[in-house]
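The structure under discussion is supplied below as structure tokens; questions concerning it will follow.
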Amino acid sequence: MKKQTFLLGFSIILFFFSLTITKAQSPEQNLEKLGIALPKVSPPVANYVNAVRVGNLLYLAGKGPSKPDGSYITGKLGKDLSIEQGYEAAKLVAIAHISVLKAELGDLKKVKRIVKVLGMVNCLDTFADQPKVINGYSDMMVAIFGEKGKHARSAVGMYALPMNIAVEVEVIVEIED
Amino acid sequence: MKKQTFLLGFSIILFFFSLTITKAQSPEQNLEKLGIALPKVSPPVANYVNAVRVGNLLYLAGKGPSKPDGSYITGKLGKDLSIEQGYEAAKLVAIAHISVLKAELGDLKKVKRIVKVLGMVNCLDTFADQPKVINGYSDMMVAIFGEKGKHARSAVGMYALPMNIAVEVEVIVEIED
Amino acid sequence: MKKQTFLLGFSIILFFFSLTITKAQSPEQNLEKLGIALPKVSPPVANYVNAVRVGNLLYLAGKGPSKPDGSYITGKLGKDLSIEQGYEAAKLVAIAHISVLKAELGDLKKVKRIVKVLGMVNCLDTFADQPKVINGYSDMMVAIFGEKGKHARSAVGMYALPMNIAVEVEVIVEIED
């Protein structure tokens, strides 16, 4: 009898423990935990839209590293900005894309997978660490979406970007039905 | 009786009026109205094809600004060409893509959505107005396809493009079933 | 009776002949015939993955020209490398992607279509033969997958690529259900 009570108690503890480990944080909770307030989505700068959905794929327009005041981080890696500054800029691009996703989907839990990232770094031709810069984008996506945030990626060096922004990224996202 | 006749007449007028406002111009009519004759599709310059369809998505190969005589607009923005000349070049790239769509689909009404555009501008590193150049492409797509022509987009600056063409664009298009 | 025997024999010959002409080489056989041993898949250099599948599409991360010893072909076209050397580098990128496909799919016969290629060439701004370089990638894909290897493509010139690699390519592949 005593043994049964023990087993029952142990099972109840296991049950609640499993609840704890399977209760993943929502992307919104992850944002809050990191102290990130999503900025207002910046309007497209021309005759296009921020996102187009086809089936369960969402194609997002290229975004740059916009600061909370709406201005952009500008300059070239290898000349004006350090790798760390580029990394921080790439994080801001990820936040800009997450803002677009939030505006499009309402609930970030509808993100099924960050599928494909093209990360473009404004840099000198002697700069060879584009991956370390775009890691700012990738790390932020994984911090917010967990395993769903892991994507296929290219990271390349650009000669010129609009308004001399430091980083531009475009992304394809899979959405829950 | 008179009132009934009036109501009948009014209904008939409403009916024809509704016909008028719902009869959207076809893309082909829009091309004609703008005096645009679609050029012959230029063959791929190597071991690839102009378009690949997967499900209801059509992936188009990158195209350049080909003039009616088959030659290309070449040169770098910020040095050889003005923004206006770049804008006109980007319009020619849109027309080249519409030619490919016409050849693939027969009827441009089968275009459901211009989904995603990557606009690449041959330019100096001091040139920061890539969006104003690629607007030539975007504006043309919206002029021909209306709301269906509005796409997600990136516009970036390239160090070098094949044959020194001024603009190259690649695009993904959604097709009606 | 003799005529029937003749017809039977003729049918049997036809049957075996049809077997011969419908038995296409498998991609693995094509690799073997060309003496290509697939290298081990190089791990992603950061917080991302080599491939993401959505429905029947596989998005592959950008890859560079890795040699059998794991090092990369580096340098700029128009300065450090000839077109032929660039072509050979692009072939190595194709082999790197085929290695990823083999690791993801097990059997390369599951490749239904190489859909879309973005070929990026590290080069000078005076270099205009990006298509001739990326042909190394395209020709290899067609050599291994036949008609299924023919893709839509863009070939462009980059100012800088990670680790100064000569070529980087990203690709979308359609997979059999």
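Miscellaneous remarks
Chains: A, B and C, in written order; residue numbering restarts at 1 for each.
Just so we're on the same page, contacts are C-beta pairs under 8 Å (C-beta built on N, C-alpha and C of every residue); 3 or more make two chains touch, one makes a residue touch a chain.
Please read all numbers here as calculations on a predicted model, not as lab measurements.
Of all residue numbers that take part in the contact between chain A and chain B, under half occur on both sides, making this a different-residue interface. Matching the C-alpha atoms of chain B with those of chain C calls for a turn of 120 degrees, to the nearest 5.
Taking each chain's centre as the mean of its C-alpha atoms, chain A lies 30 Å from chain B. Residue positions 55, 118, 125, 158-159 of chain C each touch two or more of the other chains. Remark: chain A residues 55-57, 113, 115-118, 121, 123-132, 134-135, 138-139, 142, 150-159, 172, 174 touch chain C in the complex. Contact residues of chain A toward chain B in the complex are 44-52, 54-55, 59-62, 76, 118, 120, 125, 158-164, 168, 170.
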